[in-house]
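Letters A, B, C and D name the chains as they come in the text, with residue numbers starting at 1 for each one.
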Amino acid sequence: MPYKKSFASDNNAPVHDKIMEALIKANRDDVIAYGNDPYTDECSKIFKKIFRYDVESFLVYNGTGANVSAVTNLLKPFQAVICTETAHMNNDECGAPEKFAGCKLLTVPTTDGKLKAEQLKKFLHSKGFEHHVQPKIVSITQATELGTIYSVKEIRNIVKFAHNNDLYVHVDGARIANAVAAIGPLNKLITETGVDVVSFGGTKNGMMFGEAVVFVNKALAQNYKYIRKQSMQLASKMRYISAQYTALLSNELWINNAHHANNMAKLMADKLEDISEINITQPVQTNAVFATVPKEIIKPLQEKFFFYIWNHANNEVRWMTSFNTDEKDIKLFIDEIKKQLARLLK
Amino acid sequence: MPYKKSFASDNNAPVHDKIMEALIKANRDDVIAYGNDPYTDECSKIFKKIFRYDVESFLVYNGTGANVSAVTNLLKPFQAVICTETAHMNNDECGAPEKFAGCKLLTVPTTDGKLKAEQLKKFLHSKGFEHHVQPKIVSITQATELGTIYSVKEIRNIVKFAHNNDLYVHVDGARIANAVAAIGPLNKLITETGVDVVSFGGTKNGMMFGEAVVFVNKALAQNYKYIRKQSMQLASKMRYISAQYTALLSNELWINNAHHANNMAKLMADKLEDISEINITQPVQTNAVFATVPKEIIKPLQEKFFFYIWNHANNEVRWMTSFNTDEKDIKLFIDEIKKQLARLLK
Amino acid sequence: MPYKKSFASDNNAPVHDKIMEALIKANRDDVIAYGNDPYTDECSKIFKKIFRYDVESFLVYNGTGANVSAVTNLLKPFQAVICTETAHMNNDECGAPEKFAGCKLLTVPTTDGKLKAEQLKKFLHSKGFEHHVQPKIVSITQATELGTIYSVKEIRNIVKFAHNNDLYVHVDGARIANAVAAIGPLNKLITETGVDVVSFGGTKNGMMFGEAVVFVNKALAQNYKYIRKQSMQLASKMRYISAQYTALLSNELWINNAHHANNMAKLMADKLEDISEINITQPVQTNAVFATVPKEIIKPLQEKFFFYIWNHANNEVRWMTSFNTDEKDIKLFIDEIKKQLARLLK
Amino acid sequence: MPYKKSFASDNNAPVHDKIMEALIKANRDDVIAYGNDPYTDECSKIFKKIFRYDVESFLVYNGTGANVSAVTNLLKPFQAVICTETAHMNNDECGAPEKFAGCKLLTVPTTDGKLKAEQLKKFLHSKGFEHHVQPKIVSITQATELGTIYSVKEIRNIVKFAHNNDLYVHVDGARIANAVAAIGPLNKLITETGVDVVSFGGTKNGMMFGEAVVFVNKALAQNYKYIRKQSMQLASKMRYISAQYTALLSNELWINNAHHANNMAKLMADKLEDISEINITQPVQTNAVFATVPKEIIKPLQEKFFFYIWNHANNEVRWMTSFNTDEKDIKLFIDEIKKQLARLLK
């Protein structure tokens, strides 16, 4: 194995033991395929419980599938999604939203990955004008691709503006757990803010595979099952996603995993503070640390702890922690950084 | 649990123990996401080994994803896929091929689920005529949706006609293992017949999730990685599909699982032979038994052993066996049929 | 010019003089583009007049554009259109419905080009089953691609079944005028039968370019303007389509043109009756004559009067008349047929 | 008629008399539909003549159709078009490129509507990374949406960078004639710069309808006829587009029309120079004048001479001239502006 510890992404981590146990436990007897099974029923119930609301949840394979199927479900193809330039949907899904939803993404620039309610107004000029795509969804990422968090108030402002102007609000919650662990709870952050639909992440928080599309606005769920199937996201042996989610959402495992990951990022950030050659570039609010580093140490460091360069222009890198990062990993990593820096300064 | 034994589909079965062990074994340490990991390297090698050829394999989530991404990769949208009316792609993917590939499916009727080379000729009339879609792929299912098998010679004839007329050949091999177990080996059946690309099934043969798109014609694999991502089929923690496939394809587990399922269908068919009220409607060549049954027994039978009605018009049902079907299941099922028939005749 | 007279299609004809005059008359001064002009207002009114109903009409470029934009407007991509195998949408639009609407076409076989209400029932089995596309539109062609006509009663039966089962009815009326001229009037045939939306043909009946999408069910027109634009069917200098339609629909020009074309087909058919080597294969109800002819005369005949072979298997050809066909054309054509047959029998 | 003179767009103009004459002259006898006719042959030849190259030209209905079908023809859906934020394709086609090509548009900001070669480099970072769309086309507009012109050298630099990096160059030439009239000739500007394909405008320069897609890189034309049909852009009575283009491209009518329009814009700009309340915001290089004006005069001015507000934020408007603008129109317009300003200052 080339890496014991990667800081490239929380999806470089393995599967949490409790999730693995749940998979093993679900592995007996036949059950009907495609979600018509008791594991999926139980999973539906636990989603209602954690949202403290009668949400409707659907399980899919991955985050791109969750995002694309969710927006496809809400849009006609001449309608558009407003999102940030850094949104996963805009940058990291190889054009799947455009290809599958047939829609256009209208982007806003940000410095911190967070869309502001006041950035939405200008898109309303297009309303009713048939030459322009018609804005219909505001999609925000919580926690953002830059590790930052929308406050309850910020989400409320976005939802208010959106709903006043006939727009839906979608939350890409690939790391929703990290946001909840940091500023939670889920019902305050999502349910009560009026968000319409959430891509609720699991894989980055200790699951093996599987994400959920959760409709708080249940009227929107009506046709989603067809969209899920047509978007190639319907799992035949669905019990194995359901059982994972049930384990993740029970006994606060999802919060605890995220909390631990967040803490490890905080620990890393704290230790980096003392290293003058490294500058942290985003507030460390969840499980990501963005920092500019001397170019020369990137490659040797990557050889021991894998991670991505975020911005080649300024040697900004992203380091992500996960449920299985431990204090010793951080210590070894910081030691390695110091070693490389020392070599550099010689 | 409502059913101990379902004959609805081989995807109602759980995961084979050896697959589960492989998952557990792979569950340690960090590895790079999206397939750039040692588990996936190993899996690539074992695919080359079983095809006895330098194939290029890509892992995806499910069969619909495998089929749709494979044909999208080979087609321009004005080109068409020729397949049978009963093809999974035509019937059971909720229009995903049309939606994602943007293409038309041109279908041929069959009685046994098998497309004949001589049915292809008429589609050539459209070639060059811009008002018509342009045929470009012949897609066959092996084993077919009706449980039947194409012989090596039949595949060769199809490939010969196709390649002589600038058409590719795709095999939907959701149950390729059942065909190989019945008439194998893989290299004779696929590699040496000249097939271009195969959707290579795993989930129905004991895996938890995951299918493979295997390019025998490697030139066609060039852009596939982008199509896989854009079709929402790229798994982040890919090692967990890779490890399953490696286990499945090692020590002939895939063949043994399929062989067992085939045998159980044969056993069921043998026992049904003696029941005059039930007529088997398709040759039992793999792990499916199609039969017409007295309408009155369908519902009570479904309550104990779940299965689907294939054709409401003639009360034809489909019973599928799997790696975990055992002789006792068959016995109990036959006993129940006899019991229901006896009740009916009273 | 290679042909003075073509029987290939009614779109081989030039533009009717009255239409040309209307274009010349509209050719003065500036007007706002994209339909916000007095010519288009007038055109909207005349559509309401001929339908005897408050229909909403939209002008597009061509028949494929009309059909595809109309169904796209009514469908979600997992929904399907039920049509005949011979439908223009299925055969002659190079897969544009699948590509643009993203939908599947579910086809029924016919001998006379006419879908029967009783052929619809079997598609209802798919309703609610997410693996199958969901039927949502029944599309019929009036007059059909085989020159035949649905009676008012036949349309009513189809509409009744459709509306009882949550399906819309679309009429591909590329040759609606020919049907109205034969069995009219429009309000009986379309408006009062409950049809939802019509592709209302103009080009084949003497216009230069332009078709109309007419919503009888006005609720369905709500978003159509965006679909028209997105489907590349919004004309900038729209007055030139509007002015043509206003001329066509005034003073019964559309009926008269179609009536004449129908009469010429009837005349041709009458004269063909006496020629024993030629067998008319469809009732001649509008402006098409389908006939089987000795293979040997096809090519020499095509060199003088262009037309298409409909079915290579039985040497069936299609001969279409138009508003500008005259009795002398028919006479010369019949004479040529006789000459070729005589040569053949020598 | 509400407006005698509109400055909203060059598509508010009627059809040039010579074009109308050509339509009348083509209006006799039958010819084969869909372009297999002598008018279209002649039109193909004249395109070769004006490009001074063996180009392959295809006629379509409108500019959106030309752009979308051209890029669809060149792209796989995971590939992307790089264009300016102000590009028609990005702003004014209601998402048709995303919907039909399935692709993403990657945009660059500009102040003058012109993409610079050095803006392209950053997109190369995505090459080979499957999470990102893959840039494949650079699309520039000549003349631009802001009335500006790329010099031969600027186009050459873009083409050089593009071809060195496996990118095609598309020119949206809805107003190519205005650019050629200003800095021509066509062969220097397009043919010899290495551009691959051009949307060659006709409608804005005096035609009734119709645009052309012209492949300088003929290898790319191979499948275009299917794309044209599938994108609903194949005209049945194509002779009426062909005859218009032949007239337009003969005797330099296209250059003369554009030259006149350019001159009228220059005249308008000259007269506006003297009005201190109005500031011209873009160099007047073709037939558009962009200017900021006192907000209060916009509405009363629009009531007499229709035009669009370009930017609500700074009261910037766009005034376009056309082949049929005359000096008197400009004089009346300037007089009206002065009258409104005088009223305002009272």
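List of remarks:
We take it that contacts are C-beta pairs under 8 Å (C-beta built on N, C-alpha and C of every residue); 3 or more make two chains touch, one makes a residue touch a chain.
All values reported here derive from a predicted model rather than from experimental measurement.
Between the chain pairs A-B and A-D, more C-beta pairs are in contact across A-B.
With centres computed as the average of Cα coordinates, no chain lies farther from subunit C than A. Spacing of subunit A relative to subunit D, judged by their CA centroids, is 42 angstrom.
Centroids built from CA atoms put subunit D at 50 Å from subunit B. Once the centre of each chain is set as its mean CA position, subunit A and subunit B turn out to be 33 Å apart. Annotation for subunit D: residues 77-78, 93-95, 99, 102, 130-131, 226, 229-230, 234 touch two or more other chains. Contact residues of subunit C toward subunit D in the complex are 1-6, 8-9, 11-15, 20, 23-24, 26-33, 38, 61-65, 68-69, 93-96, 99-100, 203-204, 208-209, 226, 229-237, 240, 306, 324. Residues of subunit A that touch subunit C in their complex: 34, 72, 76-78, 102, 130-131, 134, 223, 225-230, 234.
Residue ranges of subunit D in contact with subunit A, taken from their complex: 77-78, 80, 91-95, 98-99, 102-105, 125, 130-133, 312.
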